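To keep things simple, chains are lettered A, B and C as they appear, and every chain counts its residues starting from 1.
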Amino acid sequence: MKDWNWRLISTHAILIVGVLFMSLPVWVAFATSTHAPETILREGLQLWPGSHFLETYREVLFVEGGVMKSVLGTTMLKNSLILGIGFAIGKVVISMLAAYAIVYFRFRLAVPLFWVIFMTLLLPLEVRIIPSYEVVAGLGLLDTHFGLIVPLIASATGTFFFRQFFRSVPDELLEAARLDGATAWGFFIDILVPLSKTMIAAILIIMFVVGWNQYLWPLIMTTKEENYTLVIGIKQIYQILAEGGELPQYQKAFALTILATLPPVLVVLVFQNWFVKGLVESEK
Amino acid sequence: MKRVQFEHSSLPYLFVAPQIIIIAIFFLWPAMQAIYQSFLLEDAFGLSTQFVWFRNYSDTILSPSWLQAAGFTAIFATLVTFISMGLALLLAVKANEVLRGASTYKTTLMWAYAIAPPVAGLMGNLMFNPLIGDLYKFFNAIGWDFNHKLDAFDAGFVVVLISVWKQVSVNFIFFLSGLQGIPKSVNEASMMDCNSPTRRFWTITFPLLAPTTFFLMVINITYAFFETFGIIDTTTRGAPGGATNTLVFKVFQDGFRGADLGGSSAQSVVLMVLVLALTVVQFRFIERKVHY
Amino acid sequence: MANVQLRGVRKTYPNGAVAVRGVDMVVEDGEFIVFVGPSGCGKSTLLRMIAGLEKITEGDISIEDRRINDVSPADRDVAMVFQNYALYPHMTVRGNMSYGLKNRGMPKDEINRKVEEAAELLRISDFLDRQPNQLSGGQRQRVAMGRAIVREPKVFLFDEPLSNLDAKLRVQMRIEIKRLQRRLNVTSIYVTHDQTEAMTLADRLAVINDGKIEQIGAPIDLYNNPASLFVASFIGSPQVNLLPVTFDGSRLINGELAIDGFSDLPQSTPLVLGIRPDDLSQASHGQFTMRVDIVEQHGADNLIYGALHGITNAEEDGAEFCFKASHDLLPPLESSLSLGFDASKAMVFDQQSGQRLI
């Protein structure tokens, strides 16, 4: 029995160390962001919240020149939301339609088109970055929401996910619906979409996080400050800190990391079950 | 495929059209451009181009800086993959064991998934900041002459640490769901057959996790190659002297900063081949898994 | 109501596999016909061709003299009950039953009236606003039937509808389906691999083997007068006893066993003697001596299994004979029983072709 107790204690000890390892940096970032820059410079990172919470976050969010040269924190927040939500919805719509065609229709180009979609897995943005920039620039899509979101939503992950799910839907449902006189579009809207509700929710959550966290593409796509997302703001503040000023605004840098972290983390925490389901299922 | 399918002449094409059109414009065309440009040499002013066959490839790939980046990427990917998977597996096994507080542990260990790599990078960067970073001070205080701006090993340590930190939660989620997917009866049977928990783990649980482990290896290698761009870009940026350049970071550097279009394209194509190899490995494995 | 005609119906899949190789039959108006056969025999494919879910490679199917080969499933005026029910999981029972009518553009109050009528008939009125996952297996089965009934089709198609139910419920639903079909008097085609279900439900039974109709007729005729070895062994539970024999001009021979009372049989070919377990009886000097191996007590009667003395293949799998005896016969294990049978009830088949000879 004693043996067993030691085992239990060590198990909890390992888990607690793990939780601290994963959480402490973010907590320290938050605590430090609530202190005055002088305090931070003098004492280093902070473990407990200070008195400058309102001041720091107000400046970052609402004051022009508070964190970037001109763009407000709220504008970056809005841009990030547009990217996250637009990406998630666009991805779900486009991939459900494509997966529906591939699974439920017999057509001549089904197999070649499937392979075209598959090809996107072989071509992550990183391997075609400069020509992609040239295409978007050539089409005049730099600094537009359309140019930011649309090229991102075409990759195969969502399509594969829905293809997998549609294939697991019993064949008899389509057969029953056909006997019931449903058209192709009717079956999709009346049966398949309602049936996929949980899957859609799971994918929306994951894709929101993925969209929100996009870095490289917005980096090359946006040239104007007013189009920065929070994650791009991170890059800018890095730049500002690296260049050095009179008094480095570390608390604002930390505040920005917290703002960039909070929405996706909240989404993941609130919808934890859907999120895990979607993540694990989508990779099968 | 479905036993019964719709037969409709134009509807399916309409449904796949959006995705296919976007792929054609933003994936296939740029990829072909990259391949095409990798065979071209542009003069310094961009006035004339010349078809040079594989010269860009031989120039770039044999250059010391590319080889250095390739070497670092290999070590970096290996370390990140093994350390983050090892930590995640340990935590997942423990979290799967406890009854009390299981869901709290689970939640607090997985939420870091939602943090963007560059955000993690900046946080880490500030923790190692020579002026305010307590980690920087701590390492120096214990006698390690730590300076990641000057010392290649120290810089590597920083990017590996941050990259591992960012990746543990994904691995944890998959390992935990893999562990929970092992039928209870198998665990119970093994408890009757073998008394040592450690032995049980290595002889029963770990082999049963093999599919998850293999899959995660591919995911982690891909992560270390590509997604760590955001971390590198907000920490060392390849410093000191290119010692922490990953291949992807170097493509970006050479293409955007250095404006070496041909060389950067050649590097892109090499990366494409690498992704292809990874994907082939992954799919061969999935095929095998189907036979189980 | 309507009759269903199949003329030279064949099904070949794109990969070359032949599922149905030429079926000709007429299902009469109001008739309950059952397709029975082992899995993979093509019975489901045949049903699905009638439903319009599989293309017909060759031949014609017509309902009420209208050729329906190229008519879409929804326009064939047929309704189908699926093995796994195929209820739309996100719709209520009412939604499930009215979906087909809605697609036909029927007015709302008429739909409601029909749905409620059908629900009444099937005693599922109380569940109309529940979702399928809140129902038991038997209730889901009723909803699936309700969905078929509301459409007032010319033909009901059933694809192994009871195989997902437990044994007790299966018997109950079997009776209910039969009663319902009598009452509605709709032409029905029912596919099953369960011979008890087939025997009890069918007006006429079509035994299907390897894509062809092996024999068609009233269940009891098929039981008493099977045309082939296949039909004989498929119909009847417990299974018919089969004994490989040869004919020497006056007797059937297997090892030391010789059975009198047969004539007009070929002497050169291997034959199979078939005797149903209930045609055997205890006799003081019967044709067989059986060494008792196992006795199964079923309550009303006992099934006694054992090997026959003197036959050459006694040790082979499936060579054991089964004797259906009354419940008071309980021979000790390893004891010997002398069994006799009426030669007029015995069946003799050609082993190669499976053809019935006597």
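Everything below uses one rule, namely that a contact is a pair of C-beta atoms (placed from the backbone, for glycine too) under 8 Å apart; a residue touches a chain by one contact, two chains touch by 3 or more.
This is a predicted model, so every value here is computed, not measured.
Remark: among chain pairs A-C and A-B, A-B carries the greater number of C-beta contacts. When you average the Cα atoms of each chain and compare centres, the chain farthest from subunit A turns out to be C. Distance between chain centres (mean CA atoms), subunit B to subunit C: 58 Å. Subunit A and subunit C, compared by their mean Cα positions, are separated by 57 Å.
One finds 16 Å separating the Cα centroids of subunit A and subunit B. Multi-chain contact residues of subunit B (touching two or more other chains) are listed as 3-4. Under the contact definition stated at the top, the residues of subunit C that touch 2 or more other chains are 53. Residue positions 175, 178 of subunit A are each in touch with at least two other chains.
On the side of subunit A, the complex with subunit B involves touching residues 7-8, 11-12, 14-15, 18-19, 21-23, 25-26, 28-29, 32, 40-41, 44-45, 94-95, 97-98, 100-107, 109-110, 113, 116-117, 119-124, 126-132, 134-136, 150-151, 153-155, 159, 167, 171, 174-175, 178, 184-185, 209, 212-213, 215-216, 220, 231, 234-235, 237-238, 248, 250, 253-254, 256-257, 260-261, 264-265, 267-269, 272, 276, 279-280, 283. Those residues of subunit C that touch subunit A in the shared complex are 48, 51-53, 72-75, 78-80, 82-91, 99-100, 103-104, 147, 151.
Across the interface of their complex, subunit C is touched by residues 170, 172-173, 175-183, 186, 190-191, 194-195, 197 of subunit A. Those residues of subunit B that touch subunit A in the complex are listed here as 1-9, 11-16, 18-20, 22-31, 33-34, 37, 87, 90-91, 94-95, 97-98, 101, 105, 107-119, 121-127, 129, 131-134, 137, 165, 168-170, 173-174, 177, 197, 215, 219, 225-226, 229-230, 233-234, 248, 251-252, 255-256, 261, 264-265, 268-269, 271-272, 275-276, 279.
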